[in-house]
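Here is the structure we will look at, set down as structure tokens.
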Amino acid sequence: MLLIIVNGLALGALYGMTAIVYNMQFSTSKVLSFGAGQYAMVGGVIGAYVTLHLGYPVWLGLLGSLASGAIFGWLSEFIAIRRIVRTSDDHLWILSTLAFATIVQQLTGIWWGTEPTPFPRVFEQGYAGVLDQKFWLPILTAVVMAGAIDIFYRKTMTGKVFLATAEDGLAARARGIGTDNVRAFSFALSGLIGAACGFSAGQLTFVNFALGSTLGLGGFVALAVGGIGSNAGGLIGGTLLGLLISFTSHFVGSQYQNTVAIGLLVLFLLFRPQGLFPKTFLRHV
Amino acid sequence: MTPNTVVKPIGFAIATILALALPWISPNLYYLHIFTMIAVYWILISTLNLLVGFTGQLSIGHVGLLAIGAYTYCLIAPFGGEWPYLALLAGGFIGGLIGLGLGLPSLRLPGFYFAMVTLAFGLIVSELALAEQWLTNGSVGLEAPSLPAPFNTQTTFHLFVVTIAAVITLMTWNLSRFMWGRAMISVRDSDVAAMSVGVSIFRTKLTVFVFSGVTAGIAGGLYAASQSYITPDAFIPDLGMFFFTAIIVGGRGVIVGPLIGTAILAALPEISGPFQRYGVLFNGVALLFVVLVAPGGVSELISTIHNRISGKGRRPAAPADLDVLKTIITGATVHVG
Amino acid sequence: MSVELEVRDVSRKFNNVAAVDHVSLTLRRGEIHGLIGPNGSGKTTLLNLISGFYPLNGGDIHLDGAAISDTSVRYRAGMGISRTFQAPKLMLKLSTLDNAMLGGWQHTKAGFLETAFGLPRVLNEERSIRNRALAAISGIGLGGDVDVKAEQLEHSAQRFLEIARAIVSRPKFLLLDEPAGGLSVGEIEKLSQIIAAMRDAGVGILLVEHHTDFVFRICDRVTALHLGKVIASGPPRKVQSDPDLIRVYLGA
């Protein structure tokens, strides 16, 4: 029973972190990207590649993983967003991010293979049941991430520039903020968060080229449940979803993951479309 | 009378005859099978095109409707005896019902939300196909009866499929060129303008969803009939991605473009042998390329070039003819009916 | 009974701020009614209330004596209330002709399947709407651009195309939202001729405008709004010299 709960919390942390990726990208670009889950996939694959294939120590694997996430984050802004946000067509960014996500996933599948592979132990520890690192690592990462982002927004100049751009892009530009650069930076940062998520998830989910689309959907459900713009809401939404999936997997069957996720999403869209913690500055036009 | 009203029907007739004559043009059975599959996919894509390209509803989960049609066919056909066509129609009926259900969220949700919901719908269908063993036989799959004589050979089955595809293409073409086409595009481009001229967004979206669901269900039945066996992994999300990409790459708001897009995207990985595993990657690259370089799709690229060559330009605005305007409003000389 | 569109004591709040505050006015067929006021005075909101895009918070709207306050935009369009938009809302990838023809939607009866099979009624309706749209386009002075995509039209031509689309719907009442915005002096002259012609054909017109001199020149009746309230109403000459209005416009 405890194992089911811990497993759910760990899964929920992954969804929550993906919701944070969505949020960070949305705040500066007003774009919800289909690629939001792919950074975790890339981060996991690179982490496993550096440690298991190249034989380097785990901390180098983490560095490589974070760097690859940041690079892919920046790339996705440069390729799929930058030119699109200048046009007024609402639908185009849906298409461009969908295309980018597909390309990243397929390239990884071709290079790495489509079979899930194991991820190295991050800390030396025998299997410890509910206290195993494969459970607490994602949870800890999510909590640390959320805290760090909060401090980043409130205490650093860059963070404040982010917030200014998020609240009113035009006004920010009028004050001399390079909104293109802010957006690129926020995507790189979100990619880094995604990679951290993927690295911490490696032992739980295995290294899997399809992880990106699973997290993309689960993270989106977490986001919609928590309310767009709220990282805390995303974490809570993710936890809710993670627990639900963990419980149904155990008691009903693991085949119903997407059904559960989408059931939760539909419930919220019907009865509380603004999510649990709606942000006021996101008034619809 | 613009040349279009002559060129298009002739082009349609030639394309149909060519497609029907394929078994004799290309006796290679493998290629014939690919062409039959393209026609089956087109039955789904041609009406999905009304949804994506005309009405602007980005559904990437139509593979779920294909699966539902296929399973319905396999489950019902054995009871139909000599009339498995009823099973095809049943697939269309259930597809239409589910299509209606899929259309409901589009009334409320913004584009990305809706795209995500349709993606999830596709995933759920294959998930349930795997899980509900009592109905679908799980990962083992179901036996798919082929159509009875005279459509039991590869050639006659091809003729059957192409005929249905041609009829549905004709229907979508009519829908696109008359008032319904304008209504659909008004919903896509400006729902506010649509409402202000009296177009019902509710009715337009849901009608197109039902139509698309019906043909997707029929396409699913034909898909099953063309295989001997169907399993859940035949209906992966990548297939839905392919349907969607074919439309965007071909061009939104036209019919020929997506048809060519379907043929190219479906045939290329098959014909190019060693590149088969790059099929989905190729979809992604084609989609990204079109979105970045030619958001209107290949067909708009062509028509822009065509206009530039033929020098179709604008003429300066003329003064208003007030008497004409008055007669329109009062309805005095404009004959109705 | 005269055909009129009566707005009675209508209110609308956004976030507890009254955008339109107990406003009444009456549109009569064959009359041009000007609606003026500074930015944010509630002109466009009032227009959106009349065409049905926002629900009312108070008051009601009557068409020929029947309450239409709770009806949809589509219903009101069907009853002959047509409108244009501040920023033209066109189908940019479609031709001028297709855009104008859309205005005829509510005069067609052919259903989905009927259209799919191209039955005779579809062809007849198509022909009659096409003729009407062609006439409207050339009547409004865009005859040379029939086959041109709307996105290639100049801004002013897009404005006129919206009016053509409204004319094809043969409205009883037409609500124009700042139709003179971005138009040259010559084009404004053409616009006022067109508006006058529509009035002569029996259309009741609500003209929301910034250009007050243009409004005072062509309107039969003018209502001035300020902060959501009516501050002056009546014939142009009377409103023009209204002390409240002058104070609002001079910012005193």
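List of remarks:
Labels for the chains are A, B and C, by order of writing; each one numbers its residues from 1.
Quick note on the criterion: a residue touches a chain if its C-beta (ideal position, glycine included) is under 8 Å from a C-beta of that chain, and two chains touch if they have at least 3 such contacts.
What you see is a predicted model, and the numbers here were worked out from it, not measured in a lab.
Ranked by C-beta contact pairs, the top interface belongs to chains B-C.
Of all the chains, the one whose CA centre sits at the greatest distance from that of subunit B is C. Work out the mean CA point of subunit A and of subunit B, and you get 33 Å between them. Here the spacing of subunit B and subunit C, counted between their Cα centres, is 37 Å.
In terms of their C-alpha centroids, the spacing between subunit A and subunit C amounts to 47 Å. Residues of subunit A touching subunit B in their complex: 32, 34, 79-80, 83-84, 87, 89-92, 94-96, 98-103, 106-107, 110, 213, 217, 220, 224, 253, 255-259, 261-262, 265-266, 269, 273.
Listing the residues of subunit B that touch subunit A in their complex gives 56, 58, 60, 105, 108-109, 111-113, 115-117, 119-121, 123-124, 127-128, 130-131, 237, 241, 248, 277-278, 280-281, 283-285, 287-288, 291-292, 295.
Against subunit B, in their complex, subunit C makes its touches with residues 51, 53, 72-74, 77-78, 82-83, 85, 89-94, 98, 101-108, 110, 112, 115-118, 122, 124-126, 128-129, 131-132, 135-136, 138-145, 147-148, 152-153, 156-157, 160, 165, 167-171, 190, 193-194, 196-198, 200-203.
Residues 2, 171-172, 174-175, 178-180, 182-183, 185-186, 188-190, 192-193, 195-200, 207, 211, 252-253, 296, 300, 312, 314-331, 334-337 of subunit B are the ones that touch subunit C when the two sit in their complex.
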